[in-house]
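Report on the structure given below.
Chains here go by letter, A, B, C and D, matching the order in which they are written, and residues are numbered from 1 within each.
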Amino acid sequence: MKTLALALALALCHFYQLSAQEHEHRSAQPLSYPDIEGYRSLKTDLHQHTVFSDGNVWPGIRVMEALRENLDVISLTEHLEYQPHKDDIPHPDRNRSYALALEEARDHELLIVHGSEITRSAPVGHSNAVFITDANPLLAEDAITAFKEAKKQGGFVFWNHPAWHAQSPQGTPILSDFQKERIANGELHGIEVINSVDYAEESLALALEHGLTIMGTSDIHGLIDWDYTEKGNHRPITLVFAREKSLEALKEALFDGRTVAIYNDLWVGREAFLLPLLQASIQVKSATYVPKTQVLKVVLENITSSDLLFENQMPYTFYSSSPVFRIPAMGSYTLQIKTLEALGSIRLRLKALGAFTAPRVQPVVEWEVEVP
Amino acid sequence: MKTLALALALALCHFYQLSAQEHEHRSAQPLSYPDIEGYRSLKTDLHQHTVFSDGNVWPGIRVMEALRENLDVISLTEHLEYQPHKDDIPHPDRNRSYALALEEARDHELLIVHGSEITRSAPVGHSNAVFITDANPLLAEDAITAFKEAKKQGGFVFWNHPAWHAQSPQGTPILSDFQKERIANGELHGIEVINSVDYAEESLALALEHGLTIMGTSDIHGLIDWDYTEKGNHRPITLVFAREKSLEALKEALFDGRTVAIYNDLWVGREAFLLPLLQASIQVKSATYVPKTQVLKVVLENITSSDLLFENQMPYTFYSSSPVFRIPAMGSYTLQIKTLEALGSIRLRLKALGAFTAPRVQPVVEWEVEVP
Amino acid sequence: MKTLALALALALCHFYQLSAQEHEHRSAQPLSYPDIEGYRSLKTDLHQHTVFSDGNVWPGIRVMEALRENLDVISLTEHLEYQPHKDDIPHPDRNRSYALALEEARDHELLIVHGSEITRSAPVGHSNAVFITDANPLLAEDAITAFKEAKKQGGFVFWNHPAWHAQSPQGTPILSDFQKERIANGELHGIEVINSVDYAEESLALALEHGLTIMGTSDIHGLIDWDYTEKGNHRPITLVFAREKSLEALKEALFDGRTVAIYNDLWVGREAFLLPLLQASIQVKSATYVPKTQVLKVVLENITSSDLLFENQMPYTFYSSSPVFRIPAMGSYTLQIKTLEALGSIRLRLKALGAFTAPRVQPVVEWEVEVP
Amino acid sequence: MKTLALALALALCHFYQLSAQEHEHRSAQPLSYPDIEGYRSLKTDLHQHTVFSDGNVWPGIRVMEALRENLDVISLTEHLEYQPHKDDIPHPDRNRSYALALEEARDHELLIVHGSEITRSAPVGHSNAVFITDANPLLAEDAITAFKEAKKQGGFVFWNHPAWHAQSPQGTPILSDFQKERIANGELHGIEVINSVDYAEESLALALEHGLTIMGTSDIHGLIDWDYTEKGNHRPITLVFAREKSLEALKEALFDGRTVAIYNDLWVGREAFLLPLLQASIQVKSATYVPKTQVLKVVLENITSSDLLFENQMPYTFYSSSPVFRIPAMGSYTLQIKTLEALGSIRLRLKALGAFTAPRVQPVVEWEVEVP
């Protein structure tokens, strides 16, 4: 039967070549965010599932989805302990999902991070360990052992959906002694403030209080298209500010807390990164006075995949716009500023209403604009 | 030649019947806003032009446009003094535009208000007198005479685009002695805070300071479709809160200052009317706890043609949403509120970020919600 | 009052400059059809109305509509005898509509043809005289006089909507002695086979039988956007094949019968022009064999604003397509032809199902394709 | 570890409930075709793959896709011999994919047919055996054995993509002695005339010549959305005319050849079924004369998910339409027929240009229409 299978494989690989070829053409919803001073802005989704735990698709689909959305990095973080398909996929080596993703991504720029999910009931809850070298030793009866092993491998570990109401009926994260110990031991480094469609302000507070890296992930089990795209959404991502596009630089950046979590027009991050990201996201295309007036037209361009919402914080008022205005993703908006006298330069001051540096704290961004 | 013309008229009226029949079917962008306690909310556009001054279309087109957008009331406010087509349309009776609109609207629910524009250079500027009975006497060399005549006829007069940079290069309204006198004499009653695409916060300040009625108008000269619809906008309107849908009730409401100016998602009005309008605009469809949790799902429905933007003002946080969120026009949005314990009722408190009761002052709206 | 009007005119011309500037940017539905060997393909709509007869808009709107749709030539053909707005627009000089259009089009490439409609009951019916020099003498009690005058001025005259059921209850054209005489006298040169949304095969038959030029026109009275664009249609046009883009060349082409009438995906014309137009409309972008097969992939591009429908007429069958297929406007389509052996060239043979050279006669078009 | 896994399973099944609940809401592209006299029209896709052969998704996704598209029946026809994922999914029981689909579809109306693909190089090629009872015995070194076994189990067997150019470089089916024998032995009953995006007229000819059932299938390996929906297409289906919606009735209908293969606007089937399907697909909503004319307005409604293309075959011509016209999927179209005299009834006669009863043979359909 071997020969037959081989012959068939050769004939059928036509189908595979086809799908590989289509990787390039079909990035239906490519995401775009600008780099900031000193860093590449890497678009990552580090929490995903496939049939190798309780997801519904082969790892190859996750790679294709990421290519369509123009992500830079993904991780397939299968539950080590929960394997509903294990009768069909015995899966003795828990690194298998990673290996298959790596193979599928071989001819592409997409980076694959080796990761796994450590899954327990409350109060331990769920955590992802990424940048591990071997998933198998993490499969331990005792969660403490799993975290120790992750640390031993140099893994970056983050707490998943701490506010998940299936584990915390109030929908708020409860920082137990377990987490406190892990943090104290250097075994827990990040926390999801956005998981799938859920943003928890309390998780952001924990991140800030305990110096945890701010994360946003899709936690996808089914299809990105069905859960996000066809509803008009992009999947949540963590934008990571790395010195270059490499796994090493990404890891360093995650340990250093250089992230912003993004879900559509919701941006959550430390001010040190959110502010420069917002500044880089809006480009001033032109600034000219309406002839014979003191009304300055400033054309702003949003070069990101998120709609951005702003509120005027300047002493000046606008000529033809509400003080609250939206610049659409990849679109532009013309402010008409009543400067009262002709100015040679102006400092735009706008509050980013959809961005948060702390619970209910929105950053005010400034742009220095020269009037030619 | 008379007989021929008559025969042709009969044959050709086929075309007219066709377009009349189509009035009913083609309201491509019908506007909808709810009534408030004690009042009908009338959708009005009281500043428009046709070929009878410097517009480009016959009055019939203005009626058809209004029917398509489901307006309740319009006024054709031709410049009395500026008649660029007068060589072709001698137009000795300045009531002619009104008469033609009235005829076209005959079989429809649309109300036509008799009006005219009194047009001068700064500092007098432009004003509309509506609810007049005869436009001809308003055509006077002296603007003061025109305003007196408008008052004599019982007209409601409002100041057009006081911030227009062609008359005020700073783009800010200058309240001259002329306007102060008119207000003192009871000859000027309202002010446009929104004219075409322009909103002036300073005009709102003037309205509040001097007790002027807040107005929003399209000031259309060309086609509503070209200037607004095809760019994804609705024309600006003044929502007037009248005891019933009648010209008398509308006039009373305007003199009483019961208005909100609306341009897409920008709403500007006195708190006494803006608050109940916002409350009526959002309907709570259901409120139920997610089983086994203290997370309350509240489904909100926006029954207006404006997207509405809100910011959470409650002590509670949300489960799956940014504290800043948008409820799309005619769409719904589900809040998930972490009430921490099971409540029998809750008071929603949201700031309406796109609505203004004074310059940069946004109202906080409350809804009492019973949990069944 | 003169001075006031002048001052106002200067202030208000701001509005006009704005609308003029916008001519360039807003061609929402620009039409595109290729030139053919030896000729420019001019996009014309030579049957339109304004307030100067029974239309609803000022001539300027017709110019703006044409610019938006990228037409090359228009004519405003007002009814000379039927003037429902004449109480308001006395209009003693029947050339006035033409003069205003000419003025509006001054800074644009759009050509304006001087024309008028001669309007009578059946059996005379309606006709347009274009390329006249003075409309006034055409206003005569006797239709014969009007046609004679049009001929005297060198006008090109075509019969409007001969199948109009208001004049011919069967919906079929009736060629009366009046028309026969006009044709015999060289006073009637063309016939509308498409008028607004109506195509009459019988009118096409008359055109072919009597050597009349085939015409398609919008006969617009209201707005192009409301009657056509918002229903997903383009207005009907006559494509005229002229030696250059000039009024002289256009006139010569019309008298010579070099036209194709187009309404969306319906094309009607003499084979001598329809065939080369179809050939030029589809461009072969590439032709390559699928590796290791005798299946030839031919990429066809439709460079017109019409969807084009074809049926395979080759001895070869297709690999992945119905033998009946549509190439979308401005889109492309890949045929996979089973040539059975590797060919160095192939002659595509397709019937154009939406094109007619005679009643129910569709042309078969051929393209010689080299296989590199 | 068992207890942990169980606890996790209970917690995580939240995700599964969610996806099950969403089955009902998300039928993004539901397909609709009418029943015909005496038969239910079942929408089937009997050729699909999952990770249990060379597909990329878990069987559950195939069920969800089918529910979204409102299919009545699917079959997962895994290659028995070609198992590229077998290192991960050892899959000793070849009925496993079927069992999982059955489980996923449990609470839905969707029927699952037990099937498998018998896969060989040319000349044997690929065939699907559906309505089998056990896939395992079909996995035999010798293809003849596999076909015998399928027959023994009462299976319905059809030849897959006979024109596939990877097996037949000319892109045409080659009926070998193998197929001839299978047909003669009653072991081969159907043939795909449409496989994925490919229609082969030669396969239709074979079906008619050898009495094979006409089939159309998606042969999907990746995602329906990526391969079809996002390109504006529906997946190919076989419409099967069964006495009721049951597996037994479906099987009887397939053996009896009661099918039409459908891919978007391409319909292929025997005249006995294609004609009544076309007749049922277009409903006459009204028929009234335009007042004072002999022009009959007939409103036709297309109640299918396919655009339908027709050509007039009546002696009468149309008033406002090309003789070639399209009735959009789920849309309507108004014919205006010049009947020359007032008729009490009329027989519509239209050729269905996108439907084929034999290579290049399009059926002419008739509808008897009463004029009230």
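FYI, a residue touches a chain if its C-beta (ideal position, glycine included) is under 8 Å from a C-beta of that chain, and two chains touch if they have at least 3 such contacts.
Since the structure is predicted, the reported quantities are computational estimates derived from the model, not experimental observations.
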Seminar exercise, completed: Joint neighbours (chain A and chain B) are none
Exercise. Is the contact between copies chain C and chain D built from the same residues on both sides or from different ones, judged by whether over half of the numbers are shared?
Worked result: same
For this session: Indicate the whole-number Å distance between the mean C-alpha point of chain B and the mean C-alpha point of chain D.
Result: 53
For this session: Starting from the mean Cα coordinates of chain C and chain D, work out the distance between those two points in Å.
Result: 42
Problem set entry | Centre distance in Å when chain B and chain C are each reduced to the mean of their C-alpha atoms | 40
Problem set entry | Of all residues in chain A, the ones touching two or more other chains | none
Exercise. If each protein chain is taken as a node and each touching pair as an edge, is the resulting graph a line, ring, star, complete or other?
Worked result: ring
For this session: Provide the full list of chain pairs in touch.
Result: A-B, A-D, B-C, C-D
For this session: Can you check the complex and tell me which residues of chain D touch chain A?
Result: 1, 4-5, 7-9, 11-12, 14-16, 19, 22, 26, 28, 51-52, 54-58, 60-61, 64, 79, 81-85, 88-91, 96, 100, 119-121, 141, 166-167, 221-223, 225-226, 230
Problem set entry | Residues of chain C that touch chain D when the two form their complex | 163, 165, 169-172, 197-202, 265-266, 290, 292-295, 309, 311-312, 317-324, 336, 338, 340, 353-354, 356, 359-360, 362
